[in-house]
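Labels run A, B, C and D following the written order; every chain starts at residue 1.
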Amino acid sequence: MREKCGVYGGIHENIALELKRGLFSLQHRGQESCGISVVENGTLKTIKNMGLVRDVLKDEKMLSIKSEMGIGHVRYSTAGSSEIINAQPLELTYKGSKVAVAHNGNLEKQDEMLKKIEDKGEIFITDTDTEILLHKLVNHFKSPPIEWDPIQMAEVLFEVKGAFSLLFLFEDKVVAVRDPHGYRPLWIRKDKNSTLFSSEDSAFPLGGKLMEMEPGSVAVARKDDFIYKRLVNVKASQCVFECIYFSRPDSHTFGKSVYDLRQKFGEKCAEENPVEGDLIIPVMDSGLLAAIGFSKVSGIPLEPALVRNPWIGRTFIEPTGRSSAVKMKLSVVSNVLKGKRVVLVDDSIVRGTTAKRIVELVRKAKPSEIHFRVASPPVLSECFWGIDIPDRTSLIARQGIEKAKEDLKVDSLKYLSLEGMCEVLGGCDDFCFRCFTRGDVME
Amino acid sequence: MREKCGVYGGIHENIALELKRGLFSLQHRGQESCGISVVENGTLKTIKNMGLVRDVLKDEKMLSIKSEMGIGHVRYSTAGSSEIINAQPLELTYKGSKVAVAHNGNLEKQDEMLKKIEDKGEIFITDTDTEILLHKLVNHFKSPPIEWDPIQMAEVLFEVKGAFSLLFLFEDKVVAVRDPHGYRPLWIRKDKNSTLFSSEDSAFPLGGKLMEMEPGSVAVARKDDFIYKRLVNVKASQCVFECIYFSRPDSHTFGKSVYDLRQKFGEKCAEENPVEGDLIIPVMDSGLLAAIGFSKVSGIPLEPALVRNPWIGRTFIEPTGRSSAVKMKLSVVSNVLKGKRVVLVDDSIVRGTTAKRIVELVRKAKPSEIHFRVASPPVLSECFWGIDIPDRTSLIARQGIEKAKEDLKVDSLKYLSLEGMCEVLGGCDDFCFRCFTRGDVME
Amino acid sequence: MREKCGVYGGIHENIALELKRGLFSLQHRGQESCGISVVENGTLKTIKNMGLVRDVLKDEKMLSIKSEMGIGHVRYSTAGSSEIINAQPLELTYKGSKVAVAHNGNLEKQDEMLKKIEDKGEIFITDTDTEILLHKLVNHFKSPPIEWDPIQMAEVLFEVKGAFSLLFLFEDKVVAVRDPHGYRPLWIRKDKNSTLFSSEDSAFPLGGKLMEMEPGSVAVARKDDFIYKRLVNVKASQCVFECIYFSRPDSHTFGKSVYDLRQKFGEKCAEENPVEGDLIIPVMDSGLLAAIGFSKVSGIPLEPALVRNPWIGRTFIEPTGRSSAVKMKLSVVSNVLKGKRVVLVDDSIVRGTTAKRIVELVRKAKPSEIHFRVASPPVLSECFWGIDIPDRTSLIARQGIEKAKEDLKVDSLKYLSLEGMCEVLGGCDDFCFRCFTRGDVME
Amino acid sequence: MREKCGVYGGIHENIALELKRGLFSLQHRGQESCGISVVENGTLKTIKNMGLVRDVLKDEKMLSIKSEMGIGHVRYSTAGSSEIINAQPLELTYKGSKVAVAHNGNLEKQDEMLKKIEDKGEIFITDTDTEILLHKLVNHFKSPPIEWDPIQMAEVLFEVKGAFSLLFLFEDKVVAVRDPHGYRPLWIRKDKNSTLFSSEDSAFPLGGKLMEMEPGSVAVARKDDFIYKRLVNVKASQCVFECIYFSRPDSHTFGKSVYDLRQKFGEKCAEENPVEGDLIIPVMDSGLLAAIGFSKVSGIPLEPALVRNPWIGRTFIEPTGRSSAVKMKLSVVSNVLKGKRVVLVDDSIVRGTTAKRIVELVRKAKPSEIHFRVASPPVLSECFWGIDIPDRTSLIARQGIEKAKEDLKVDSLKYLSLEGMCEVLGGCDDFCFRCFTRGDVME
C-alpha cells in the first residue's frame, strides 16, 4: 500500500521555513513530489517539483522567502499520473486573481464529474481530481478568487462527493475545508502569533491550542482574524486505514491516539487468533506497535529480527532483477529464528507481495513454523477516496484466507475481525471501512 | 531584449534524441525552461523543467525513451510568469485523450479573450496564453483530441488574433500551425524516414527537403502520411526582429538569409550614417555581422575589442552589487582603443541599459571619441506578439535620439532608418515593424 | 557518538554493482563520504566524493563499469578532517604501479609516527592516518606495488600499533589485513564464483561460505586463487562498542550475534538495576533491543513512545536555532506517558547531549518519574582506535554518575556494570573496553 | 589542443568571492576541475571538485566564507589523469602546518625526478607533478611550512627544470613563484587594500597597479607586507602558444598585447601566403583576430560564416556516433559559400581532427575552392611544459605539409613561417617555440 498526500499551511511569521518543517513531519504521507505556495509582497507564488522535501525545498530558497501566509503539500499519486504537472499546490488564475490549493483525498465518480464539465467544453491541464474542484468553484462564483466567500466555497465543495481535506491560499487568507464525511483528517493549531493547519497534529510545533476540524467544517485564517464553522453534520465516514497504517503513531487522528489503537489492534488480534509460538517478529517499521500488543496478550516474546536498512532509496538496480530490492531493504537475524515457531505480525496486508518476500526471507533462517497475524481485517475491496489500493483482483485476501495462506506459504494466517477492529475503535459508526467489506457496488 | 520561444518536433525513428539535438540548436530562443512530449507505447508523456536543455533533458533519460513521435519547446517567458507550471509543452487531457502543445508567439487581446472564457466559468491553471488556444479548441470540438480534424483545428485557431507558430502532439500525429500573419517562423524538413518541424531551418540535421510553412498554413505528419495546406492568404506580418536579432545567422527566416540581411543592415546603416572613425567595435556576439557590413561600406577597420566571457552564467553575486555582472561578461582590449575614434556597432538597442554599461567600459580605455551606430531603427513601441519589449516608457529611443545620445554619453548616436531597413528587406509589406513606429493604438 | 568506517570489496563478476550493494548495507558505518576503486582494463581507478552511497555511486556510472575486482569504503571521519581529499579509497602511485586502500580503524601514536616519517622529509597529502601505512609499505618494499608480497605486507603493517581492518586493491589482486589485536571486524565470504570481504557479515549476499578473519591474519584474493593465513596470535582487543552500538543487529561481529548481545545487555542491566516503572521507552532506533531485554527481565511493558522521523536529513535550519534538530527528528507520544513512571533505555550514553534533549522532550509529556537505564557501562575515556569519542572532559559520566543524573534531570540513572557486560560477552579477555575504564595513561 | 591551467589568488577583504570572480575569468584555461584554498580563522581549507567554477564554487558557499587570503585553480589535465584526487589546489600537511599550492605548467624529466624521490621510499598520492615540488620543498626545509622562507623556497624550486607558475597559500601569506624560464605567465595587481596574483592580467578587476612577474622571480603577500624579488636572470623561454591561442585576447601576456599579436600573425600570414579568394572565414571563436588581420592585408572580405552554438556542453550523445559533436557545435551559412573561393583562417592546427571536420562541413556548402591558412607555424613536436600536444605521430603537419593538405582535403594549406612569427613577436629570443621545430631530442 502506498501513502497518499499531506497538507500543511497557515499564518506564521516565517511561513516558508514553517511549511518546510511541517512537510518534513508529513513526509510519510507522500514522497513523490512536494511544493509550497506563499504570498510574498501580495503575490502568490508556487515552488514545487518531483522529489523529497529536503531536495525540493532547499534551505537557501526557504530562507530567501519573506512571507507570512502559505500552504504546502506532499504527494503520493493516487489519482493522476506521476508527472510534474500534477504536483501540488495547484495554482489557478481567474480574472486577475490567484488561488492555490492543496488537496488530500480523492473524489468519487470522477469520470462522471469530469464528463459533465468537459461536456460544457471546459478543459483539464492536470490529471488530478483537484482541478475538478477548481472548476466547481469558478463555475459557482464567476468572480476573482479574492472575492469568494469561504462559507459559500465550502457549501459548493460539499456538493461534491468524495474525500477532501483542502487548504486554499488566497492573497489575503488561508481557507481550510474538510469534507462532510471527514474521510481524511485535518487539524488546526492556534497560538497568539500563528494559525496553522495540518493533516496530522504530530506535525505541529509543540504547544499551542489544538483542535481537529470536524467533518463538514470550514476554517478561515487571516492575519488578524480567525473563523471556524461546522456547516454540515452528517454521519462521518472517517478512513480507518489512517488509524491502521497512514498516520504517524504520535498523531491523534479522528480524536483517537493512533499509538493506542495500533497496540490494541494487536492485542485484539491476539485474543481472537491464539497461536503457539516461540517468538513474535514485527514487520518493521509499521508493524511494531501491533506486535507489542500481540506479545502482551499472547505472552510470546517480541523479537525484532527483521532489520531494515534506512539508507536504501526507493529503487535499486541489480543485474539479477527487481525482486532483490526487498532483500536489500530487509534482512533477517537468522540465529534467532532457527528451529523456532515464528509469529510474524503486521498492521495490514493488501496485495501480499511484500509479505510473500518477507516469508521467503524468514524461511531461509529455517524456523520450524511460520504464522502470520494481521492486526486489521482482510482487505477485500478497492478504495475510492484516496488510498492506493490496487484493483480488487490483486488483493490477496479476496481469494479466501485459506488460499492466501497457501500463497504466502505460511503455516497459519489470521486477521483481526471486523468486529474486533470496531470494538477497539469504540464502534465503527463514524468510520469508513468499505475496503474490509466485499462491497461490490458503491453505496 | 530577451529571446522568446522555440519549437521543434516531428516523426523520427529516435525522436527523443532528435528533439534534444534540435532544442540544443534552438536554445538561443529561450533558456528559462524546456521540455518535450513524446508518444511512448501509445501514451503521451511530458518531461519538462526550469533550466537549460543540457540539464533538463539528460542523456540517460533521452536514451531510455522509445518513441517515434514528439514535440519540444524552449522557453523564455513573454506572457506568463517564470514558474514551472508555465513550462511547455502544455498537456491537455480531455475526454480520456491527451494532446500536448508547444507555442512560439503571443496572442493579441489576451485579456479580452481571457475574460470571455472566464465569464463562461472556465478556469486557467497556467499563466500562458497557450491555454487560451486549448480552451478555444475544446469549445469547438467537444470531443476527445484524437478525433479533432487538423484542418478544422487550424480554422478555429485562425479566428484568434496574434502570433502563433504551434506544434501539437496527438497520440497518432503531429500537427503544425502557423498563424495567418506569420509573425513567427516555422519550417518543415522531410526525408524518406522522417518529418521534422522547427522554428528555424538551421536547427535541422543537414540534408533533407526544406520548406518554410506559409502564413495561414497547417501541416499534419503521421507515421506514413503527410499533409500540408495553406488555408488563409492575407497580408503577412512577419516579425522583422527575427531578422535583426532573434534567429541564428545561419537560418533563412521568412525566406531570407539572416546572415545576408544583418550584414546589409550594417552596410545600409553605414551609408546613411557616415562617421569619421578609426575603428569599429562590434557589440559581441550579436552585432558582429552588422559591424562587418558597416566596416565594408565605411572603410573603417573592424576591431573586436569587446571580449565576452562565455563561462559566466546568467547571474553573478558580487558584494558590490548587481551592475558588475556586465563587467564580468564583457571586457575591453584597452590598448587598441586609447586615443582612438571608436565606432560601436550593435544590431539594435531597446532599453539601452547594456549599451550604457558598454559605453562606460569603453570610456575607461580612454578613446578620443565614441560613436554608436545601430543597424536597425529606433524601438519606439512595445510588442504584442511575443517579443519581450518592456513597457514603452523604458525604451531609450522614445525620448528622442538627442536625449538618448546624452543618456548613453556618446559623441553621436545614429540608427538605420525604417526606409533603409525596408529597402534591405526588399520591401516591408510582408513584415511587422510596429515596434519601430510610434504606434500608440493597436490597429 | 558518530559511526566510523566500513570496507567492502573482492572479486565478483560485476564488482561495481556488488560494491554499491555492499556499501549500501554498510552505510550505517559512515555517511560522510564514500567511494570505490576498481580495476578496469588493467587500470586501477577511483570514484569517490562527499555524500551518501546513493548520491556518489550513481547507477548509470556503476552500470558502465566493466570490472571484476575492486574495493569500497564508507567514511565518517575519525582522524582526518572532513574534506574530499580524505575520502577513501586512497590511491597511491609508486614506480608506475598503483594500489588503493580502504581503511577502517585508527592508528596509535599517530603524531609520533608522523613525526618520524616527516623527519625523513616525506610528505602527507591527506589528513588521514591511512597515508602513514602507505609510507610504511613503500619504505619497506621500495618497489612497484604489483611486486609486493602480501604476507610481507601484513608483517610490515603488523609493526604498526593501532586498529586497522584494511582492504588493498592491486592491479591483480585484493588483499585484506586485520590488525593483530583485531580492534575492527573483517569478514570473508566465498562461493564458487566470488570472494568478498566486508566489515560485517550482514552486508554479504545470502548464502556462500562465511568466515571471520582472525586478528593478525591476511587474505589474498586473485581471480583464481585464494590465500588465508594467520600470522600473529596475540591477545585480541576487539572493540566492544561494535557489539554495543556500531554493528548492525543482524551481524555476527567477533563471532557473536550482535542481536543476542544487545538483548542480553538489556537483560543484565535490568537485573543489576531494578526500577519501579510503568513503561519502558526504547531510545529509537538503536536502543530497541536493549529495551526489549530490559522489559523481559523487569516485566515492565515496552512502549516505543519515542518516534523518529526517517525523512529528516542531517541538518535542519531553523530560525530558532540548532537545538530543534532533535525535536524535528524525535517526537513523543504524549498521552502514553502522562502521569507514568517512565524508564528510558538506551544502548549507551557518551556526551549526553542527545540524552538530555530526549529527557526534556519526554518531560513535556508530564510523566510522574523518568528513570534512565544504559545497557553498557559509563564511558570514562576517549578512544584511540577509531571511535569518535570526544575529549574526555565532555564525557558526561566522567564527572560521576550522581552529577550526570542531575545533568540529565532524571530521577535515576543507572548503567550496566563492566562485570555485567563481560559476563554477557562470556569474558572480556578478547575485548577492548578501555573507554569504560578511567584509563588515564595508555598502556 | 586543450587548455591547461590557470591560477588566481592573493589578499583581499573578501577573497572567496574574488577568487570565484577571478577563476571565472580564467575558465578558458581549464574546465575539468577547479578549487580554492582559503585561510579562515587561521585554518587552511580547500574546496574543490570536478566541474566548472559555476558548479563547484556555489554562491552560497562562497558567501559563507570569511577569509582574506586564498588561492584558486582551474584545471585541464596535462600531467595527471582526470580524477578528483588531482584537482587543485593541492594541500600538504607537514609537522602540523599546512600549505596549499596551485600550479600552472609542467615539469621536465618527471620520470627521472619521480624515480629519484621514489627510490628514497617516498610516496605519491596524486598523479600530478605538483606533488614532486612539495617533496622537494619538504626535503629541503624539514620544518613546518609556516617557517619556510619564501626566498629559499624559490631557490629550491628553481633547481627543478620545467614550467611552473605557482601560488602557495600558507596560514600567514601567499607566495607566488615563476620559473626561471618563465614558460607560463604570472601577474601581480596591487591597490591599497589588496594584492592579487593571476595567470592573466585580464582576469583582474579594473584599475590597480599591474606588473608581470619576471621569470625567476618570487613575490610574497602578507596582510600588511609585500615583497617582490627577481632571483634568477637567465634567457627566458616563454611559451609562444600563450600568444597564439591560450591567453584571452584582452590579456598582455609576456608584456605583449595578445590582441595585437593575433591580428599581426594573421597579417603576416597573409603577406607570406597570398591567395586568390572571395571570402575569408574565421574558424570561430579563436581564429577571428587572425582572420581580421589576414583580411586587412589580403583585401579579401571577412565572412564569419561558421557559427558556433554556445549552449552545447562538452559531450553530446548521438546514436550515429561521436563525430557529430562537431556538427552540433558548428554550423555553416551555406548560401554565402556556394561557388565561392573560400579561405579558412585559424590560429593554429595541432592534430587536425577538428580542421578536417570543418572542411567537410564547409565542403557541403559547395564552395568552388577551399584554402586553409594557419596564423602560426606547423606544429612538429610535442610539448614538455604543460601544453596538451599529443604524441608527435598524431601531429598532422609532421607528415609534411603536402600530405597534410591532402588529409584535410583542401586546395591549399599554408602556415605562417617561424621567421614571420618571430618577426611579429619582435624576436623569438625570449620565447619557447620548440613545438614548431623538429626537435627530436630535448635540449
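By definition in this document, contacts are C-beta pairs under 8 Å (C-beta built on N, C-alpha and C of every residue); 3 or more make two chains touch, one makes a residue touch a chain.
The model shown is predicted, which means the values in this text are computed figures rather than measured ones.
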Return the chains shared as contacts by chain A and chain D, ordered by label.
B, C
Show which chains lie in contact with chain C and also with chain D.
none
Farthest from chain C in C-alpha centre terms, which chain would that be?
B
Chain A-chain C separation of Cα centroids, rounded to whole Å
36
I'd like the Å distance between the centres of chain A and chain B, where a centre is the mean of that chain's Cα atoms.
46
Once you find the CA centre of chain B and the CA centre of chain C, what distance in Å lies between them?
58
Multi-partner residues of chain A (at least 2 other chains):
none
Go through the chains and record each pair that touches.
A-B, A-C, B-D, C-D
Per the contact definition, I'd like the list of chain A residues that touch chain B in the complex.
45-46, 48-49, 83-85, 90-95, 115, 118-127, 131, 134-135, 138-139, 142
Mind listing the chain A positions that touch chain C in their complex?
14, 17, 21, 24-25, 27-28, 31, 52-54, 59, 62-63, 202, 206, 248-250, 252, 257, 259-260, 285, 288-289, 292, 296, 301-305, 307, 309-313, 316-319, 327-328, 331-336, 364
